[in-house]
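Everything on this sheet refers to the single structure shown next.
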């Protein structure tokens, strides 16, 4: 091969590269963008549910999975057509600010506290989640917090508030804020034998459990409600109202609700549909 | 360790369409980004090397410093720009491969500019007087130096390719890691890690590494297999 | 190093000095308070070979670079025959070759010299033959020996058919055989009608080649003489000492 052919080859590669830039992605179907909490993606719900929706309606769904806090912010910036999130009071603020049209209950599951099997703070012996957190704080046992303003993080902060304790002042000692997503926080917790609060769906599908176990569950305070919100087209003129509404209607319909309820992992139902009937 | 490791290689062996799609998108995005970055950075590097203008030293220091630009910062900056509420929102680049190409171009540009500048400085010092003594004009000197630099510039391209293929922070933010749309190797690895599928994530990492090895091997093959190996 | 300033060039009038191709008058070049060239003045005749001779550090190479226009002196005046400014070629002490074959190096130089494309291969081969390098035409230039590289550099400089060829210590690091080959090439070049000016610190080489000698010492010209005279009986004290291999006071 001569040097000339080499550089013709490179020129060709460059041209191809540029051609690729110009080529739009093959989008046969119209699509909508969903700003979503990570648990619904990490649990595999979308992989299970979206092909069925697309088959029914011919609409593709692009899921951007981020923490609820960021999903709300991205929605306020009009970078999505609808949201699937789980932090009710923040969602209501979002609506009140005019960023979203309407918030509807979609489904729920619950939060759990997981920790090492050795359970140094004896969390398994507590009855309520408030007692569980008090036990952890009392023992100064390591606790990994999301620390990322996500739905789970907001829930955790609310639960600490109920204990009357302020773990933030111990941040960096036993209370450790990872500032990352649920999965990353679980990896960190397992790595340093720390308790953490997680949603059940992410936990069940999580592949790096080590010797960790569920140590606190079932308290009504651990209820985890997911909501679905249409981004306000009056605020964001790029919102694909028709397709986004089709998605919301489908998710809330008996058909969508049945699909959500039928998603199981390891024999356990991960999300419980609870859209208002009718 | 679970068998996610083997799963990944089984997927690869049977050309699992999802995995192939992710690999191809990685290549497409990073190749395009490196191509665009080189197109802009090489003339810029040549300019910095050969054209004295006020503030050149400061610009060189700046470009060198930008080699260490954190991908997350680039991602965030471009998100603010490409967001529908952002200055360039009308382009509708956000959550598309184009946005990812732009992000990686921004990351590769300083590397390509800085390294190529050094190549041009060295070669210019070596050839400038000789070519002038032969009667060459500035333009001929520039073209000759460019041509003589071609092999070193290939290494510059490889360094850029390495940066583009390996970064995750920027493409995660502006691409959104959307399945079948903007999911590339690195964001897939990040996702699998967050799912706790560490073995699977690691296997994807090895595939990424293999990809990088293949690109480098191909270039090294081209570099030597041209009868000019002794020139290098 | 900063870009050389434009040297004020003055044409030598042909009627005035028909046999002088180049004249330096009071050329001075100072760097860091040291006068590297101190009022250097000489005429160079338009035929034969002129040696710029002197010990290391005398300013020989600097003088050559000033002549070639690569360095602008601080003061002084350089007069050249009409059109000579663009009709000189310089060969450096260390060959600087492009990373391609010997022939391709020449073709590149011919291209810069604006030789039409179809004529380039033949002229390249003629130049290779002149340097006895035809057998090595397709070798990568950097795979040639030091002497072969230097010969290639010399014929490459001839690509633009210069009226004056400047050689800077062309045999400084070569063995006797390679040196002889270079000297042969220099004589051939001269016979083809090109004026050759070369820098050397080798007394014997100057004696073998030169028809005229300019002796430099510490940035000053101590002697400008015709060769037989100079080599028999150098007039300046510096040149006499140099001839005897003594330290010059």
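Chains: A, B and C, in written order; residue numbering restarts at 1 for each.
The rule is simple: a contact is a pair of C-beta atoms (placed from the backbone, for glycine too) under 8 Å apart; a residue touches a chain by one contact, two chains touch by 3 or more.
These numbers come from a predicted model, not from an experiment.
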Most widely separated chain from chain B, with each centre as the mean of CA atoms
C
Most central chain, Cα average position
B
If you average the CA atoms of chain A and of chain C, how far apart do the two points sit, in angstrom?
78
Chain B and chain C have mean C-alpha positions lying a whole-number Å distance apart equal to 47
State, to the nearest whole Å, the distance from the C-alpha centre of chain A to the C-alpha centre of chain B.
31
Give the residues of chain B that touch two or more other chains, as numbers and ranges in rising order.
228
In the complex, chain A touches chain B at residues 1-3, 6-7, 9-10, 13-14, 16-18, 20-21, 25, 33, 38, 41-42, 46-47, 62-65, 74, 76-79, 181-184, 186-187, 205-209, 236, 238
Name, in rising order, each residue of chain B that touches chain A in their complex.
2, 4, 28, 31-32, 34-36, 38-39, 83-86, 89, 92, 94-98, 101, 150, 154, 176-179, 181, 191, 193-200, 222, 225-228
Residues on chain C engaged by chain B in the complex (per definition of touch):
3, 68, 70, 86, 89-92, 96, 98-100, 108-109, 112-113, 140, 142-143, 156-157, 159-160
Which residues of chain B touch chain C in the complex?
52, 126-127, 129-136, 140, 144, 148, 228, 230-232
